[in-house]
Amino acid sequence: MNKKNFLEVVTSSQTEMVDITSGLQSKVEELDLESGLLVVYCPHTTGAVTINEGADPAVRRDIIKVLNSIVPWDFDYRHMEGNSPAHVKASLVGESVQIVVENRTIQLGQWQRVFFCEFDGPRRRKVWLKAMSS
Amino acid sequence: MNKKNFLEVVTSSQTEMVDITSGLQSKVEELDLESGLLVVYCPHTTGAVTINEGADPAVRRDIIKVLNSIVPWDFDYRHMEGNSPAHVKASLVGESVQIVVENRTIQLGQWQRVFFCEFDGPRRRKVWLKAMSS
Amino acid sequence: MNKKNFLEVVTSSQTEMVDITSGLQSKVEELDLESGLLVVYCPHTTGAVTINEGADPAVRRDIIKVLNSIVPWDFDYRHMEGNSPAHVKASLVGESVQIVVENRTIQLGQWQRVFFCEFDGPRRRKVWLKAMSS
């Protein structure tokens, strides 16, 4: 995949949300997407992408803590790698987001930021991008 | 954002699902989208968009009740605004849906309707739309 | 809907994940989508589509088991058909995925496969497809 079409994310905890918004905006400029849709896609099965509040770091801390309490660490899991909870969270949060782009600028709500969700870190991750012109 | 490109939604409860299907169909006609994809995007961090059954109002009531039971109201939350459960639900349900459009008509399954999900209302909300031609 | 634009899925349990990846790849070739986005859409309100690990069948078994434990079978449900848990899971997992296509090939991460999620089976299901060229 072309260098323009992905973003690298380094995570530092087992579970965390990493703000990738400014990286995405830079890519939209590099990709020269004037107006359309930016698809942000996680190619990993123990991570996800979401959009949520970015102003107060306590929000992402709360989201991660609740996800970790909803999806049990201890359960009758059969997958032997021990990361089944991460796979469940990946399907609950979702592997991609679609962002509207106008005037070479990603369109987000006032409090929104885009986050890579790490559920089985720390790891080096990639997020794939696809520019769709309208 | 151009008036054609959003829909206003007024919610009346703290948590509820509001059917926005007919509003979306009108916008597809206004936007003159013959065939393609309609992106329905929630710019708020305590709301979401989903597609589910619309025939029996009990379904949306049940979905909201279960979401409210899965995501605890009372928890070791750090975000001081008191609406962390709403932020969690937003990331679980997701901020957007993508709907196929053919012949200027949104394509939904027999029982499907599109809902704005309010998780921290009542409020005046907006849903952004992006028409992608195929 | 044109025959090229959907995939049939036959499920055999009340809740399960069925790998539809190779069917999707065939459709991309039939639809002659060189580069763009493949939208995979579930028109049912008690099913969903997700992307997750496909190498070890235990992963999908674990995901289904945890979803079935998170969303209660027994609850103060009002919807009289008895399948409210399926509707809740549909909104948690989501009705569609968007897959990047390059060189007439769906682009997935090393361990990723695409799954139809059955939450109220066994049934005969359809998944709608929309090819968006970039």
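Brief remarks follow.
Letters A, B and C name the chains as they come in the text, with residue numbers starting at 1 for each one.
Following the convention adopted for this analysis, contacts are C-beta pairs under 8 Å (C-beta built on N, C-alpha and C of every residue); 3 or more make two chains touch, one makes a residue touch a chain.
Nothing here was measured: the structure is a model prediction, and the numbers come from that model.
At the interface between subunit B and subunit C, under half of the residue numbers involved are used by both copies, so each side presents largely different positions. The angle needed to superpose subunit A on subunit B by their Cα atoms is 120 degrees, rounded to the nearest 5. The centroid of the Cα atoms in subunit B and the matching centroid in subunit C are 20 Å apart.
Shared interface positions of subunit C, defined as residues touching 2 or more other chains, are 70, 92, 94, 98, 132. For subunit C in complex with subunit A, the touching residues are 36-37, 50-53, 56, 58-59, 61-63, 65-67, 69-70, 92-94, 97-100, 102, 107-112, 132, 134. On the subunit C side of its complex with subunit B, the touching residues are 1, 39, 41-45, 70-72, 75-81, 84-85, 87-88, 90-92, 94-96, 98, 128, 130-133.
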